[in-house]
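One chain, chain A, appears in both complexes that follow, with chain B as partner in the first and chain C in the second.
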Partner chain A sequence: MKLTRGAALVLGLVVVVYGALMLYPLLRVFEDSFREFIPGRIGSAANAPFTVANYTDLLHPAYVSYFWDTFRIGLISSFLGVLLAFPIAYFVARRRSDWLRRTTIGFLITLMFLSVLVRVYAIELSFGPVGFASEIARLFGETSGSRFYIEFMIVLGLLHYAVPMSALVLIGAIQNVNPRLIEAAQSLGAARWKSHLAVSVPLCARGLLSAFLVSFTLSISAFIVPMVLGRGKVMFVSNLIYNRFSELANFPSGSAVAVVMLVISLVVIYIVSRLTSGDWERAVR
Partner chain B sequence: MTVLELSTVSKRYGQELAVNNISFQVEEGCIVSLLGPSGCGKTTTLRLVAGFEVPDGGDILIRGESVRRKRPYERNVGLVFQDYALFPHMSVEANIAFGLRERGVPSAEFPARIRSVLDLVKMPDYGKRSPHQLSGGQQQRVALARALVTQPSLLLLDEPLSNLDAKLRDALRVELRQILTSAGITTIIVTHDQSEAMSLADHIIVMNKGRIMQRGSAEEIYSAPASKFVADFIGQSNWFTGRLDGGRFVTEDGLSIVIAGKAPSGAVELGIRPERIAVRTKGATAAVGVNALEGVIEKTEYLGSTIHHWVRFANGRRIHAVVQNNGQCFARDGESIRVEIRPEDCLLLAPDEQASCEPRRDRLICTDVLAESERRKVS
Partner chain C sequence: MKRLADNVLGLLVVCLSAATIAFLVTPLLIATVMSFDSRDFLGAFPPPSLSLQWYVGFFSDASYLKGLQVSLILALAATALSSLIGVAAAFTLDRYTFPGKDTLSAFFLSPLVVPHVIIGFSLLLFFSAIGVFDGWVRLIGGHLIITVPYVIRTTLASLVGIRKSLTEAALILGATERRSFWKVTVPLAKTGIAAGAVFAFAYSMDDVSVSLFLTGPDFYTLPVAMTTAMRSEFDLRIAAAAVCLIVLTIALIWVLDRVVGLDKVIGQGVYHK
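Showing the complex of A and B:
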């Protein structure tokens, strides 16, 4: 392929901007993660020797559990998010009234703009130790301070992003499915939920996958939600990175955690999209 | 045995009465066509029968049992959509097996049932294909197979041939008729295409503005239309407005035509089918008792099997005549000729009341007027 001069210019500019603003800082993090850290300093010394100790430290079970919590809770909330978003998106996509459709989409987008602190404290107020929901939880023998209850609150917080985001992604996917197909399935004897399972879901597979991946990336990189709602008992990797950098000033260790997080996220997302899109793509087309 | 019965069924969308108090029955093995222009309520009627819409009034019975409160999947009704609606992520076989599985047929029977229904639609080797590998006509047949395999009480076809190109449509029409006859299934075909309705159906129900305008065989509806709407919708006609004067019809602009048979009282419209008008040279002797009107050929269209003439009378009035191209010489533009109309070919109808109605606002009133006029006719 031959590049025209104009295209080369634009492309070059993009490469320079990306290189300077994204790639270089990432490489700095990568480099720092291999530097030796001397406690008491802020960050590593300019000529500190190279070491892999920052990485081997992470093999300690205490660190592994941060990763486990992050991915487990992230997976649960993005899965629930897609599950809850599907009916919402279906409702919006199948409305005949233009007005209603636009209003609901507008509402979903507005929801995304709401400050994360407002949401988090709203959840804290209604589900936290003084909230109404903790009373209900007590009936079931759960205290608002239990680990399960805290994780439940974090999932709620993450759903605030996962649901509208997934719904917006899914609306487009559902609009592309011919509504006659559901009717055809029903006329052949399938109950409504069954015809959705047999027709809408497989035909929206790619939309469902993108919705899941978007929610998943948003969830595992969440920072304020686990920080406030986790109350120090449940922490995500992002909170760990923050602690390393700002509280302990251990830049090399923080960088190592960040690099590991990046690699695991990329691998998980790659595997998920490969596993699913391959099969579905063949089936759908 | 009556397979389907609609009694005084109505369906309203907002202010609009999509289906207005219609009743009809379909007997076992019959092929009935709902024919009408778009927006006449025929598709709504189909969706009411299929269960995708709930009637606001009246009742729908399938084999004597009310299905008013039944969901689409609780009715044993096969449906073929205009766009076929084959499941794109399933093979032809899987598409057909879907209904079998949902209707609880033992899976051991699947292969035999699928094979026999694919044989019926003459696509025995296509089971493994994917719908997008099939042509429009093939998809249509698979959709038909999918609907037939569960042996529904009733088959509904929504505009079955409208998505196909003209040539294929003619071939498939013949084949569709064969398949329906050999399956022996009671069928309702919704269409706006009169030739589709006339060739496929034993019985035609003409609808307009949510009401049934006329029902009968293709011949009855064409040769004895009950209203100007029906006469105009099925076939073409030349229309004259005028009054009756003894055994003659006198138009406003002075043409006088001898008519036969009974005519409605009051203002009357006279319709003459273009193919019932004979065009003769001036010198030829006229048959006895035939209206002979002199005119000039204004325009001629040569269409191969037929030749269309537009004839202008002395008073400026134009008439459209169609003659068979039988190889003999035909009249040319500018030629003075004589048109001959037999009295029994004159369709005498009361003018359509609805013609004067505003389409939207007065729809309810106008259909009520129609209902009134129909009641008067009956009594």
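Showing the complex of A and C:
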């Protein structure tokens, strides 16, 4: 049907809402990131001179290390997440609709919906200094306050979301692999592990990649997990933005970090959507 | 030899999966048990005896109660508003054809790909620049932009599934445009709308990343109050609050299962028919 005036009005109103609450604020952040920092106000002064100092500051090794930490820890947790989720997903995908399948799917979806605060608090309570942390830390030859152990806790925090999410993405992928193929490989004499490596994994490659990239996107933009579990010793880029607001009140610098982070996220998401063409949207549901 | 390797590896994979599931569940169980701890300090697991003191503490703490009240009102308001906007946008997008339609749909879904911290930060700058300091306006604005895309997506998904022949049949049988819309399209899209509303409520209720930027010392949501408490005292009232949130999540998933059916969210795949 061709667009009527009423319909155009509805769409126009929605565009206005999006413009006011997302597009314009983001453009302001972009503009602010090029303004000189004048202490003591929220946002830049309207007549503050333009500068690229907010960006060149980010090239300082101290800042580069925040980006590096974010990527390194994000990469480790998304990789582990996919690895741990695959067998669980395989188990669910190969079952017909019965109570066990439904319970597991319900369980995974509930875990995805769970508030990040609940996860973080539960992990801190279990693995933190009051939990059985000291014993686990000793296994690594560390104390529960060491940097390694804190990074380990952040990985756990990210995995608590990445595993159920990856499992749900992989269930969809594995279900669309013909089970006869694996049976054929095994009846022709391949060992079970070999048949999985040679048949299941390559046929699920897109699913595996998309699960990995979705986890990665969400991990590098994680905020509460590194904020609480990092205890100020390990910070992600998102925490850097918040610090610019809560502790330093340096908004132009925060804006520059936000612009860089947004560009990185959009590039990763662009790659995801090219690789999976639409899977991503179903995946983050 | 092959059998042995297979069995050993199989056992290893089963153990690894069991450990993963245990890792996902155990912290939640520990938090639940600890929320009933009778000690008045944060001691080691397990608690020596049980009591409800942390729940009493949580529900008699003025600041938590205020946060809970703000969160509930906010989640209801954001759900109502975003359902209205989202459903209107999705129906219009589905029904009419015009140049640039795909671009507009992508634009309407785009807040999903912007990290929430950046949305919160940019809204803080925006609201401060235009002089909006009212906590409700700021929070509803922030929660709206993160929940509307979910409503649009689920509603669009349910509308795409409706076969055009059904509305055409209604029209051929003499219904007006309007009547076929209300009698055929809307009832068939109901599950999508309801799922969108459940998503909106859940995401609004749980949000911290956006709210943290838009709240202040005397106006905050429950998750913001919990975050602040976690960074300072870390007492077990947070465990009591966490258990309440777990119960709320399970209730929402139950509603989602009733409305849409969880198996439909995933699908059965092509080889399971």
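By definition in this document, the second predicted complex is superposed on the first by the 239 of 285 C-alpha atoms of A that agree within 3 Å, B and C clash if a C-alpha of one lies under 4 Å from a C-alpha of the other, contacts with A are read in each partner's own complex, and residues count from 1 in each chain.
FYI, a contact is a pair of C-beta atoms (placed from the backbone, for glycine too) under 8 Å apart; a residue touches a chain by one contact, two chains touch by 3 or more.
Remember, predicted model here, so these are calculated numbers, not experimental data.
Q: Just to be sure I read the superposition right, which of the two partners does A:Thr56 touch: chain B = first, chain C = second, or both, or neither?
A: In the superposition, A:Thr56 touches no partner, neither chain B nor chain C.
Q: So in the superposed three-chain picture, is A:Leu203 touching just chain B, just chain C, both, or none of them (first/second/both/neither)?
A: In the superposition, A:Leu203 contacts chain B only.
Q: Does the superposition put A:Ser65 against chain B (first), chain C (second), both, or neither?
A: A:Ser65 sits against neither chain B nor chain C.
Q: Going by the contact rule stated at the top, is it chain B or chain C that touches a larger number of residues on chain A?
A: C
Q: Is A:Ala191 in contact with chain B, with chain C, with both, or with neither (first, second, both, neither)?
A: After superposing on A, A:Ala191 lies in contact with both chain B and chain C.
Q: Which holds for A:Leu26: it touches chain B only (first), chain C only (second), both, or neither?
A: A:Leu26 sits against chain C, while chain B stays out of touch.
Q: Looking at A:Glu183 after the superposition, I want to know if it touches chain B, chain C, both of them or none. Which is it: first, second, both, neither?
A: first
Q: A:Thr143 contacts which: chain B (first), chain C (second), both, neither?
A: Neither chain B nor chain C is touched by A:Thr143.
Q: Which chain A residues are contacted by chain C in one complex and by chain B in the other?
A: On chain A, the overlap between the chain B and chain C contacts is residues 178, 191-192, 284-285.
Q: For the complex, give me every residue of chain B touching chain A.
A: So the residues of chain B touching chain A come out as 50-52, 71-73, 77-79, 81, 83, 85-89, 98-99, 102-103, 132, 146-147, 150.
Q: Can you list the residues on chain A that touch chain B in the complex?
A: 178, 180-181, 183-192, 194-195, 198-199, 202-203, 283-285
Q: Show me the residue ranges of chain A that touch chain C in the complex, using the header's touch definition.
A: 1-4, 7, 10-11, 13-15, 17-18, 20-22, 24-26, 28-29, 32, 42-43, 84-85, 87-88, 91, 93, 96-97, 101-102, 105-106, 109-111, 113-127, 130-132, 156, 159-160, 163-164, 168, 171-172, 174-179, 191-193, 221, 223-224, 227-228, 238, 241-242, 245, 251, 254-255, 258, 261-262, 265-266, 269, 281, 284-285
Q: Name, in rising order, each residue of chain C that touches chain A in their complex.
A: 2, 5-6, 9-10, 13-14, 16-17, 20-21, 23-24, 26-28, 30-31, 34, 42-45, 85, 88-89, 92-93, 95-98, 104, 107-119, 121-126, 128-129, 141-142, 144-145, 148, 153, 202, 205-206, 208-209, 212-213, 223, 226-227, 230-231, 234, 238-239, 242, 245-246, 249-250, 252-253, 256-257, 262-263, 265-272
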